[in-house]
Every structure is written in structure tokens, then in C-alpha cells.
């Protein structure tokens, strides 16, 4: 595999789509899980999901399941959901509150720090301390919780320090998840992610989005930015961008992108009628009519309006099956029915994701042809190219 | 794979069924698609499906999808249904009428000749002329449309010249598709095709067919041929056979077989009661009580009665899943309900194909046994042996 | 594969669970079928299923189907359910009575001894005697029917001679199958078998079983054995054990285990209320309140109460799918409704198997993690270790 994968990586050119086997080969899918999903920071959830000692939730992807929980010291930690005895899942509930995790098979029992505190009938030489649950790296950025399975995760902290002041006015740590949804798609996860990484398809494919979001037309967008900046400053936002992605990132897996772009006139937020959807986030004084594209690490994408946030992830569930998982977040103190209406809040990115599911599925069908060859990328697909840069580099690393 | 497949091919003997891995191995299935389905002429449909400029239909098999359309010059052409940008399917409808094909992803647009006529935001160096849809070879034999994905398709034209006078009286180009049906079967496509290539199983397995068709008993059939020939000549048919198959074909992939055989007394056509089913084809003056077995290329089979035609193809959809696709064709000017009754027309080959689905499925189950070994073919299974000859030869070619 | 599998086997240690690829690799699954299921004695059924000449039943597992039938000489034999012509299944009914087996494809016909007695249109050189159905080894131990696909099955007869007097009082040959059930589980067959091979999980996972069966607590069980032995002798049983398993078995595949263990006070048999479920087996004079664990060969497990017997097998149906197949047997002359109530008879091992299905499935999910590593076995999991010994040894043999 070692030599082979290097050759297959070299067939690729960064200004084209990937070669066929990266979307069709079981070998490469296993490498994707091991070398890319196993090494990158992954968005697991939000601190509001586990406010109290003993609260936990699971984050499942590919073959893995991770427990994120809050222990008696009020520390949030992550552990692999795999018993150290014979490998059973130890936690079967998607979320809840526990003081210990007892394996449903032979009752090996772990505390909230992952220590093994009970195992019956073991030989005298057996040392419980050697059989703690595998610890998983965890990072909390303004309430957004990320995990990484690798022993040495990408050093993203310095970049996030630069990001922090730009996102601080939104008070992300005070959000709550108003709704989440999963959209299964019959395609390799990379086709789903690539779809998110460019707005070249927005005008042809997303009529609802394109009605209100200028990103679909770079020239039009640029013209609207000066007036957006004035409104953003008035609302209490700092003006600034971060573009440390692909070849310009400080290190593989440390990608970070932040840019606020204008909605069209008449749109305060990503709503159908342009009207607000929920209370203003954090310390914002007013609607600026903008939306911030935020990427943290290789795989985690967020869209920040003045009154809500969307989080997107593209979870591999098989070689040609994925889940597009979407989260809608609002102020933690907002009340459903009173401060926001769920159907209105979720409308835009529900219809847009349904469109994307169809597009991505047909992309996979075409790529499966033995006669598919990588085609050239447009200037609006720089994000795809930057993803490929980091992806191919990371896959090449033993 | 190169050396390996040669050895696996050599394990086979033409007077036996194939070795187990040809029905069970994912490697060989990929070779089947690439080297056999990718190189042979395939029956795509009938000209009557696209009478007008802009009419098109899709032909899908294995991983491939092909668009067959009629352009402004009244030329019928075939193109791969894969966008040259990032590989999406460009046409999602199974048939229709269009002047351009616009990719549903990023709106790259192609004309009816497959030329790329629009692509936005591409760099200056981009030349549209390099990104036409991949052209697919197309052949029209008396209205039957065949395509071939290979750059150099089998040279079947000389053989078809000999065939032409034999089929001309049926005026195949004036047919229309009265009905089509797809029968999924849980078996490798070769088991489905082999089933069609012999009538050794007809007597045990097909009681409806065997009541009327003498092919199930070679001795009985031979005795009936002289009187058939007299009736056929009276009806306006030429008497003649073509048997250029397997080792006797002029070249691999150019197989052609034509032979008219007698129905039993009292049967004008393949109907339940022996009575006619539809208007006489082409220039026929009368019912001769015969049926013509017609094979064009390695994979395409037809059965021509005096008043209708059946087309059969055996489409791979996976290693051990296939579609038996059946078309019933009648005179283009015949009107349903008045000139033919659909249930009567389709009765025989509907019940027969249901039988075959069951037989073929059980064949796959038995072949999956590690203890299956190829068994000897009977004298009635020459067609299976001829298929194996061409198949193994083509698979051996790099 | 040869060298590779040896290395992969050597990664394993007998006091730990198996390495990940033994539960996840398609290669190893094929080896499992070929080298383990293809070489071991397998419990096919009970003689009571085929009392009369021409009676037959099928035993299906993995890719294989075997016909077990009684011929005109009153001999029970086993044949592969694969036609020697082109490999079709020849028998499609799960059980019945036939004097000949006629292949549903081309009508090749075999008698009850597996001889080919009819095949049409074969060349003169064809000798029917070369095309008998493949004979499969069969062994009848006190009415329990086992088959083995290998040419040289494990020599288990000497061990079974020692076993015979211990099981004779139950008159196993006079049983009948009162009920059978199949529990599909989304896990590799080894995880299902391992689950059966230890009672370390009984106390945590099986509250119904643990209420009545002392096996879940070795110390408690030992204390109850002397009084059980007195009751067993009074009932007419011999006191004795056979423990010829794993490293102590005389040869690979000849494992045999027999031990009677006590139920808790108040339980005559494995019933909900402790009361009898069916007439006493064979020559038993009374209920002794015991249950015998019986293992014959590597893969076949039985549990003998005073009034009924459970047979268990764990059939591979795919890499990560299995069927847990369970049989409840009672005296042949017992009448349902009068002598036993089916729902009462099947209650315990129905609820227990449903528990196991859940446990085993979650075990597979955890083992699929790239971060699963084999964990250490407890003293109560000796049966798992013994299974691994025989399994790894047999898999290593070319």
C-alpha cells in the first residue's frame, strides 16, 4: 500500500477534481478513515449539550464512537467508546447523565475520567490502571467542542488565537442547539465536502440561497463589501479575515478561514423573507446583513448569521455513503415558539441541503464511470483545491 | 492482475461451465465491465425512440450511462453521460427532448453534438473544445441501435451485410417498442446470458414455450424445417442461415447468428392460443409459423416472429446482480387495443422470463459453493460454449 | 495469503480476545469458511427429521447447502446440493420426501444414493458414474446428525465412545424437535460463538438465566455439586465429566466437553417457575435439578435438562452477519399441548438469545474501531481461549 498510494496521490493535480479511485476504491476509503479522519480535529458538539457533572453525548463517525462527558472536576473529556476487555461498545445511549460507564457485556466499569474501577474474575497479575478507556484529545474553542483521535493532533491553537477576537462578539459559548438533522447521501464523503467548499454551484443549484446570498457572484459580492463593513462595525464586529487554508495554512490540519460576506439588500439574516429569525447573538447591537463563513481545521464548517449559526459536517458511513449532519444554533436563552420558530429557522439550509444531496449523489454516479477523468476547476472552486492540498498531503504521510 | 487472469482463464475448458471465480470474484467482475462490456457492441434501443431533432434516451449498464440523441443534422449520436468538469451525470431523465444538456451541478452546457458551449469562471487558458462529452461509437442496423465504448469497436459491418437481406423483409426499422420490462435477478450476468444461449433447459423448465416452439427438441425441429421453408418462402422470406459465432466468427465481438426455426402446428406466432398477436411485419405476405433466432455481436439477442420481435439483454448491475431487460416490438403503425392486446403480446416471454429468473438465481446459489466444479456441457449447449470462447478470448486481451 | 495469514495468526495470544482483522477482514472470513467450517464436524439435525425412506432435509451454512436423506437401505447420507452439470441447486425445498432429486434447470436426475441416473443429450464419452453428487461425511451420535465437508474429518469417534455412557440415559436418539428458531445477528460468527463459550457475561446480561443457573457463579456452583451428584445418581445418571477441549483435545476438531452443573434450589429444569416443562427424558427416574453442558466438535453445543435439550449453532451468513440457530428437543412421544406447552418450553432460551443478539452486535460495533485492541480474558472465559486454540491452529493449516 505504501508505495502504491504515493503513486496514486501523484496522479492528482490541484487544479482538477480527484482521480476516480479516490471516490471509488475501498483501499483509499480505509486510508481516509485512518489517516485523515483519524488525524484531523473533528467537530463533536457544543458545550451546552453537557452543562452538568456526568452529562455526556456520543459522537460517531466511520467505525468510531467517542464519548464526550463532563467529570466531577467540571472538566470535559473524550474517551473511545470501546471496552478494554473484549471490545464491546460500553455506552449505547446517544446522550444522558452517568457517574460510571458499565460495559453491557461483562460489566467492566469505568469512571468519568475513563479509569477502570471494576473488573471481576481477573488474574492477580491484572492491573486495572493499564486498562483505562482510550483517551481522545479534546479542544474547546468558544464552546465548540472538537476531538482528535491522533496522539499528536494538528497544532491549531496559534491560528485560533487570531480567530478568537473575530468570533468573540457572537458569544458562541452561549449558544444552544435548536435543531439538528442528518441527510444520508449515496456518495463518498469527499464529494459531499467538496460540494460545501465552493459556491460555483450556488447560482445554478440553489435558487433560495442565491436570492439572498451574494457569495454566488464574486463580482457582485465585492461591490457590496464596503457598505457591509460599515454596518458590521456599527453592530460591534471587528473587520478582518483569516485565510490560512491549503498551501497557506501553517501546518496540515490547521486550516482556518473566516470571512464575512454580504447578504443582498433587504436580508437581515438567512430567512425566507429577510426578516430576523432569532434574538441577536452575543453583544451584537444590530443586524449588519452579513454572514460569516468559518472553517476550523480541515473538516469543520460554520456559517454565522447575526442571529443564528449553522454547523456542517460530512460524516463517512461507507465508501459511497455519507451523512450530511447539520446543526442550527441560537442564543442559549432563546425560547422556541417565543423567540424563534423552528420551521422558519431551519428552512433555508434544509431546502439547500436537500438540493445538495441530489447533486452529490449524481456526482458520485458519474464519477463511477470508468470513463470519468478529472476535470479542471474554475476560479470559484479555490476551496476544493485547498481541501485537496491538505487531504493529499495528509494521506501521503505514513 | 495481468498474469493472474491469464492463469485463471486457462483453467477453463470450452466444453464445461466456467470455473467458480468467474461467477464469484469481484476482480473478474471489474474485468468483465472493462474488457467485455467496455469493448463489445451493446443494444441500446430503437430509432423509433428518437424520431425528432433533440429527442434522446439513456442506456445505463454497470457503472456507465450513455446518452443517445438525434442532432440538428438528423444524425443519431451517443455520448457519455458524465460532465467533463467534476464528473456529474449531466442528464437525469431517462428520455425526452432537449436542444442542450446542462449539467445540474455547475451548469456546464453541451449541445446535441456533445460540444461544450458554456462554462463559467474558467481561466483564460481553458479551451472548451478540449472538453466535449466523450463520444461513444454508434451503429444503426435496420433501426436497431448499438453502441460501443471502445475506441476500436469490433468490425461487425461485413457480417451484417450478409445478414441484411435475411432480416429486410421484417422491416425492423419500422418497428416501435410496444412494451419493455426489467427482471432483476440475484446472479452474475453471465449466468443470465448462458441461460439464454441454450434450449437444453426449455423442456424441463418452460412448459409454455415448449408447447409451441420446436427448438426444445432438435430432432423434432429438424423434421419440421422443410415444410417451414416452403411456408417462409411463400410469406416472402429468404431461406438462409448465418452462423458466425464463437470460434467460427470472423473476429472477436463480431458474432452473428440467424436461423429460423419452426413452431409446432397450429401456432402462427408465440401466442398462448397460436393465433396472431399483431399485424404482420414489413412485407410479409402470410404467417409462416416460424421464429428467427437472431444474435448481433456477443451480447444482443432477438427473436423475430411474423408479427412481433423480442429483444433481450442481460445487464450487469453488480457482481451477483443483473437485470434481464426485455423489449416487445411491433409494427410502428400498429395501435394498442385495436391491432394488438398488450397482455397477450407479452404473455409468453413474461412467464418464461419469470421461470428463468428463478432458475438463474438457483444456479448462482449452487455455483457459490466452494465445492462447485465446472461440469460438462450437452450437445444442446453449443451456444454456451461459443459465448465462452469469445468471452475468454476478449478477457485475455490487455 | 499463505505467509500473511501465518503472521496474522501469530499476532494473537490465547489469553486475550482476537486481533481486529479476525472480526473484520473479508480475507479471513473466506479462510474461516474454507479451513474451519469446511473441515469441522457440524450439527446438521436429528434423525427424527427423516424417519422414512426418501425423507430429507437441507442444512445450509455460508456458501454451502447439504442434503441429508434416508435411502432405500435405511442409510442416512449427506450430499452436496449442487448439480454436477452447471452447478445449480438441485433441491429447493427445506425438507420433504423424494425418491429422486431432479435438477430444476436441465433435469439431471440423482437417486437417494447421489448417483446420476439421467442426463439427456450428453456425448457418448460421458460416464454418469463420474458425476454423482459430491458425497459429504456423516456421523450419527445417538440420533444427533453431524456432517463434515472435508475428505478427512476430525477423528472424533474415540472421544465420543467415552461420552456415550454419560449421555445414554437421556436417550437422545428418541428425541424430536419441538421448535427451532433463527436469530440473525449483525456480527461475525466468532463473536456469536465466543458469547456462548463463557458464562462471565451471564450475571450482568442474563437476569432470567442467572436466577436459576449456578454456572454464572463458579464458587457457588462448586458448593452445590455434591448434592447434585447424589440427586443425579438417584435419577439414573452416571457421574462423570469429559473435558477434552482446546490444547487438551486429542486432535484439532475433536473437542468434546460434558459437565453437569446444578440449578438453584427450587428449579427442576430451565423453566420460569422451576416446574417441569416436559416428560422426563429416556430412562431418568426423577428430576435431579441439573443441566449438562455438552460440546461435540468445535462448533456444536447442547444443553441437556432432565426433560428437554437445547441445541445451538452459530452459522456464518456473511463477514459481519450470522444466524444464531436454536433447537428445542423433547421426548419423541411427547405431545404438544398435553405434555408440554411450547411458549413455556422455549421461554428461557428465547429471552436469553435476544439478550445475546444485542450484546454480540454491540461487541462487533466496538471491535470495528481502528482503536480496538485485544483485551485480557478472565478466569471464567477459559472456553473462549480453548476455542481460539483450535481455531487458530486449524486456520494455520494449509
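Points to keep in mind about this one:
Per-chain numbering from 1; labels A, B and C assigned in written order.
We take it that a residue touches a chain if its C-beta (ideal position, glycine included) is under 8 Å from a C-beta of that chain, and two chains touch if they have at least 3 such contacts.
Note that the structure is a prediction, hence the values are computed from the model and not measured.
Considering the contact criterion stated above, the chains in touch with chain B and with chain C alike are A. Look at the contact of chain A with chain C and you find different residues on each copy: under half of the numbers used there are shared. Rounded to a multiple of 5, the C-alpha superposition of chain A onto chain B involves a rotation of 120 degrees. Averaged C-alpha coordinates give centres for chain A and chain C that are 48 Å from one another. Multi-chain contact residues of chain C (touching two or more other chains) are absent.
Of all residues in chain C, only 17, 194, 200-201, 203-205, 218, 358-359, 362-363, 365-380 touch chain A in the complex they form.
By the touch criterion stated above, chain A contacts chain C in their complex at residues 33-34, 38, 63-65, 80-90, 92, 102, 104-107, 119-123, 126, 131, 134, 149.
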